[in-house]
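Chain IDs A, B, C and D follow the sequence of writing; residue 1 opens each chain.
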Amino acid sequence: MSYFEHIPKIGYEGPQSDNPLAFHHYDRTKRVLGKTLEEHLRIAVCYWHTFVWPGIDIFGQGTFHRPWQQPGDAMERAHQKADAAFEFFSKLGTPYYTFHDTDVAPEGDSLKAYSENFARISDYLARKQQDTGVKLLWGTANLFSHPRYAGGAATSPDPEVFAFAATQVRHALDATHRLGGDNYVLWGGREGYDTLLNTDLVREREQFARFLSMVVEHSHKIGFKGTLLIEPKPQEPTKHQYDYDVAAVHGFLTQYGLQNDIRVNIEANHATLAGHSFHHEIATAFALGIFGSVDANRGDPQNGWDTDQFPNSVEELTLAFYEILKHGGFTTGGMNFDSKVRRQSVDAEDLFYGHIGAIDNLALAVERAAVLVENDRLEQFKRQRYAGWETEFGRKILSGGYSLSTLAGDALDRGLNPQHVSGQQERLESVVNQAIYGLR
Amino acid sequence: MSYFEHIPKIGYEGPQSDNPLAFHHYDRTKRVLGKTLEEHLRIAVCYWHTFVWPGIDIFGQGTFHRPWQQPGDAMERAHQKADAAFEFFSKLGTPYYTFHDTDVAPEGDSLKAYSENFARISDYLARKQQDTGVKLLWGTANLFSHPRYAGGAATSPDPEVFAFAATQVRHALDATHRLGGDNYVLWGGREGYDTLLNTDLVREREQFARFLSMVVEHSHKIGFKGTLLIEPKPQEPTKHQYDYDVAAVHGFLTQYGLQNDIRVNIEANHATLAGHSFHHEIATAFALGIFGSVDANRGDPQNGWDTDQFPNSVEELTLAFYEILKHGGFTTGGMNFDSKVRRQSVDAEDLFYGHIGAIDNLALAVERAAVLVENDRLEQFKRQRYAGWETEFGRKILSGGYSLSTLAGDALDRGLNPQHVSGQQERLESVVNQAIYGLR
Amino acid sequence: MSYFEHIPKIGYEGPQSDNPLAFHHYDRTKRVLGKTLEEHLRIAVCYWHTFVWPGIDIFGQGTFHRPWQQPGDAMERAHQKADAAFEFFSKLGTPYYTFHDTDVAPEGDSLKAYSENFARISDYLARKQQDTGVKLLWGTANLFSHPRYAGGAATSPDPEVFAFAATQVRHALDATHRLGGDNYVLWGGREGYDTLLNTDLVREREQFARFLSMVVEHSHKIGFKGTLLIEPKPQEPTKHQYDYDVAAVHGFLTQYGLQNDIRVNIEANHATLAGHSFHHEIATAFALGIFGSVDANRGDPQNGWDTDQFPNSVEELTLAFYEILKHGGFTTGGMNFDSKVRRQSVDAEDLFYGHIGAIDNLALAVERAAVLVENDRLEQFKRQRYAGWETEFGRKILSGGYSLSTLAGDALDRGLNPQHVSGQQERLESVVNQAIYGLR
Amino acid sequence: MSYFEHIPKIGYEGPQSDNPLAFHHYDRTKRVLGKTLEEHLRIAVCYWHTFVWPGIDIFGQGTFHRPWQQPGDAMERAHQKADAAFEFFSKLGTPYYTFHDTDVAPEGDSLKAYSENFARISDYLARKQQDTGVKLLWGTANLFSHPRYAGGAATSPDPEVFAFAATQVRHALDATHRLGGDNYVLWGGREGYDTLLNTDLVREREQFARFLSMVVEHSHKIGFKGTLLIEPKPQEPTKHQYDYDVAAVHGFLTQYGLQNDIRVNIEANHATLAGHSFHHEIATAFALGIFGSVDANRGDPQNGWDTDQFPNSVEELTLAFYEILKHGGFTTGGMNFDSKVRRQSVDAEDLFYGHIGAIDNLALAVERAAVLVENDRLEQFKRQRYAGWETEFGRKILSGGYSLSTLAGDALDRGLNPQHVSGQQERLESVVNQAIYGLR
């Protein structure tokens, strides 16, 4: 049975095509900087927004009426959902997918039921992967939707909730390992607080560190070769989430000695909610040595919640890919579409339109970023700008050759009077736009 | 000569007084939780906003016409400014003050002139301190106003700018030490970037760490007993400042092993610009063990820049003091008014109105917070909320008694099904308001 | 049958009481400025947040398990919900309630079923009102939750959706009239756009104006004596809502000649989402002559969505009531609690804690505002500040006695050189805080 | 004498050129939709940011050292500034400029001196215009920088300040008329409030309306054929400006019957500070019939103040031009660069880099928008989406053929059950990006 029977396999037709069910820029086999676009992008479609979310928002009921979301036997629906998902992946031609444990299998009414349901569906997913060639970019566990997690999971005031969460992660990590997942993601949706008045920050941080350490140790024990990733987000659903941004995660990991075991999965919309540009969070993750993977989407610059829209700014994505390509591209990471169609976009076609448009934007961004990287005028400018630090004087400062007083003495003796040199921001912005718009 | 001759010494007249040039709540000798209000608050008046800023904003010229801001011999004006400042401190009756090196002395046109001017004025300040009994809460160096710092100070692309900044800090720290300052503050006004396109994040972090290490070492060498403080701020004047918030500073310090040598000076307005409540930043600093001092002011919740208004929410300040009192109060820190009168408030009286109102608000906040702390229903609720973590099961998890798989096994065996327990946020909010408004 | 049997009737016990199930400041019979607190506040409890919302958020399932929310016969549940609601109103002792049509009665599967269900429940509500003495502050229709309204109601691209919405409003307005409601509210939850790319702004404004005109005309025809109210909100669930803020609503009403027929219902959280203070929106509504009623709640200053928390800042509420009292208090309007307990506050007690705390805050605010109004030093200052406009020169300008050129000629002739006079913001802020904290 | 002697006349060299001092996309003679790019864009360079601002910010001194900004005789410097400005305009090849009265001429120390200085410089500007062919897009008066305007200009509490402002506007409007300006702009920089506590909203609105009416009347009297424009801005320097956004201005104009005499000058950065997209403000201005002109710049999405950066998002500009072209393009309006180089960009070249890059972006945007307009798939989709309103039923509703009750009756009789139809936002977003990136 087909869930998208009137939708053809999506092919590449070039920029002139009028066909909205075709790629205009994503020619997956096209080579850029020695790799194909498919290899660069490592695109994943997510289960939750595309196959689970029914089109509700906080003011409205679900607007979608997907066959696999109808009432009925939960396990049967889960199989149908998997069929629909893999049909979608295959028609779209994207190489990866991602899921939460409870996206793919019903929770049931007990831990036992949960583990059995999840095991059966995991087997089914393995079969679907084999049949289609679609691979798992990462798995994760949903530790935020069930009422038991209202006060947090690892940071819950109740150790039994911690234990419940540990059980889910254990299963989800094991399943990810079995399904050949390249990464395992931890998003602490409610690891934070709604009010400081009832919250013990010290205690909750300790709990969270313990939890992460257990996950790291388990991943080693089972021989998981993928990367463990934390996904920063500043708030929502909580008032404040501990994994606020890349810098906060880095500080936490460093405090608990986990900075070599866990990296970050950066979401564009989470970056902007935290008051940072997407570019900033990616550049910062590289600077701190914890870059892992990306959740590709966008927020609305005028709205203050996680709109999870499909990325549509090639300009913004080009800067993100400039960083990624400059650092050698993804290793285990990839571009996961943590994106959802709007609640008004109720047709199955809309699921395709959303992904196709976004994939074309990513393809454009990789190509434009490659232009920037190949003849890296930004890097050249930086090298010249910081040249003073490569002189003997600069090196001596950095290597500890001066104390504050000897340096001050030296400065006074020499009567230093350094002059500011132009940062040329405007010219560099034009360099970027020329890479984006000058390409022919 | 008097600069405020028509202003009397400000006395305490009680809440019923109509006199705007009197305290209504700040009875400095009143004892709360075993200390006087003066000892709790450790109030400081700052030099820059109150005696240096001429009432300009980015769209307008200065509106103030203070005698000591008139054209004339720079050193003479600096002495007049010191006279005016100490007259103000004395009339207001506040025990501390704070300054930047270039607030008190003219920069001159060379490093030599700078150091000579600053030395002479430091001597004068020492004399004024002795005459009035006013003490120095902290000193700092202005590393952001001069054009040489347009691209940063410690993080400048030019090592000579780094050296110039080091010279200023060396002098400012020495002067702070000589003047008996309780702390030394580093606010990295331009330690950040305007655009990532011309910025080497890795390099600039290294420079910054080197700079801080030199400052720490120097403070030890000269026997400075005070506390070194970093002041987080997310942005402005830069697009992004590295010391974004308490968590970012903590991560940075931890990465470079400086977390025991440097603490934070938290500014209310900087907290809110970073997307955090003032309460959050203070509670986080305590949780991370780096709380130092406070810049008391407020931002405008509807404006996105540093308005540095006088604090006027007793409700907000009470929560801040709840954290401070619970942790034993200030040690070397205090409440520095990094606050300025509005550009429209051009009269000398306005300087007094601003400080008097704010001091009364702080006094109220300490008293209300003391009520909260004395019979700490918030703490009692938390203890009961987290009680599970004091059971054998809870302790065993935290102490490493379980691996992920043994804990998951245990949870499955026991068929755990924990139920969420109310967080009672609304009741706790009423507990706070009862402490504020129920007091008689 | 009782739904809150372990909860006593909430009484006034004074500020010293420790009882969380008692009022500490709201003595409903206390007279302030010639009216009782009950008469001043005209408090209403809303149906939707308190009896309908199951504790879901966009990342989580419902956490509440109210008896009337269990599966079962929809009309039976609706009657139980009404019983629970009126038991709650009575125990709390608040004089008013508010509802959407679909809060109180099931929609059914056709317009016919809707109208019959709603009619039956309206009768039941009438009976409950009579039994308890609780009155209806306002009614409204839910034109945003059902999928048919995904693209708007009055501004839908489909005229049948407009007609469906008109049918609901017709029934809800008729029911409000029959139940003696003092106002009828229109919140255009989806009257706006998600993207400009598919939206015809001109057309949608015309539709909206037509809709409102039909409502105005109908209200006259049925002899509704209450006030029609629009509730401004800038966004959420839409990207942009046409009724963005008070100024936008005023402009719309003025353009279509509706400014004498419709006023505004101002919600605190909507004000702050629009970039305004609550105080601003209330003051603006009075200045524009369209103030109607208030939705009392608060947002989270650090989060960008409608958190609808119970109001807990007496400081903020005092400024709101200063405006309201200065303008003679509410006429048909009142304080409706468009507030919900946090998702973590799952107990029935929490519903009471939330309302009790907020009511105490409102009572405090009225009392403090009355102090401000009685000896109105703000007004006195303003009178003196604008005194120049009461001179002959000022009056001549305003009355059209000068053209631009004659006024410029006059200014040149007289060599005008006006000096700025202090706005004394800091002193006035202290005046407000003295009214709040000096009261004994 | 040349101020930019090492800078050549900027020519068009095409997208492949590496020359940063050349246009890559702006071929002014290229025809698009029947007009040249020059005619479409009507670009103006502003005096204030480019020739007056010395590179200060609120935390730092000026970094620029332009020859015409050095100390010296004020009128001599004003002539040099004009020479530099017109040399710049000529080398850049832009057809228009804009100014404030006090940008071009020194204020002097009296109204008399002001008017004489301004008259002399106006004559000089007339000569420069004639010599170079550069024209005036609009003039305006600076009613916000001088201390007298600290409390507002037209909305000042002092009628003499109103009179002073009227004098400036009279002179600036007369000069604009004499210099052949196409528009006259009013930006009410301090027409708003810093605190509601000292502000009489009703009174200030009346003053403002009177002021505007006098300006309108004067413009008619002198036969000014250009357009009068208000420039909305939500805040900064004030806490709240009355001309908050396009909707607020429209409401104000409509209330006072000025909606046919005054239109809006929309600034991108002001739009985003007000919580709107640039696209929104332009589309709204067209929908309300008050679109006039544009201040082209951009804000920083992560900073909350007016950064006035050069526009560099072709994506954003394309949507703006889609609206403008669809409505027939500019009449008297144009694209004025209310943009400034960063404080770090201290070289004369940077002034060129900033403008050149931005002009190229505008050229690209016009071309891409023309693609969208020529085969307007957005419009086609809208037409089909709203088709129901062109049926008899739809027309009857809009033309008043139904009352609320007859329409409700009809809906009930027919058992209406309309189904939501997809809004296809994702597909339409791809249509836009195809126009931007598919162009060959």
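Heads up, the rule we're going with is that a residue touches a chain if its C-beta (ideal position, glycine included) is under 8 Å from a C-beta of that chain, and two chains touch if they have at least 3 such contacts.
These figures come from a predicted structure and were not determined experimentally.
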Contacts common to chain B and chain D (chain labels): A, C
Same-site or different-site touching of chain B by its copy chain C, using the half cut: same
Higher-contact pair (C-beta pairs counted), C-D versus A-D: C-D
Distance between the centres, which are taken as Cα means, of chain D and chain C, whole angstrom: 36
Where chain A and chain D are represented by their mean Cα positions, the distance between them in whole Å: 38
Multi-partner residues of chain D (at least 2 other chains): 63, 147, 149-151, 194-195, 240, 275-277, 280, 302, 342, 344, 346, 420-421, 423-425, 429
Residues of chain C touching chain B in the complex: 15-16, 20, 24-25, 63, 272, 275-277, 280, 301-302, 310, 312-315, 341-342, 344-347, 349-350, 353-354, 356-357, 360-361, 364, 420-427, 429-430, 433-434, 436-438, 440
In the complex, chain A residues that touch chain C: 55-63, 144-147, 149-151, 189-190, 194-195, 235-237, 239-240, 273, 300, 302-306, 342-344, 346
Partner chain A, residues of chain B touching it in the complex: 110-112, 115, 147-151, 156-164, 166-167, 169-171, 173, 194-203, 205-207, 210, 213-215, 217-218, 221, 234-235, 240, 244-245, 247-248, 250-252, 254-255, 274-277, 279-280, 283-284, 286-288, 319, 378, 381-382, 385-386, 388-389, 391, 393-394, 397-398, 400, 402-405, 407-408, 410-412, 415-421, 423-425, 428-429, 431-432
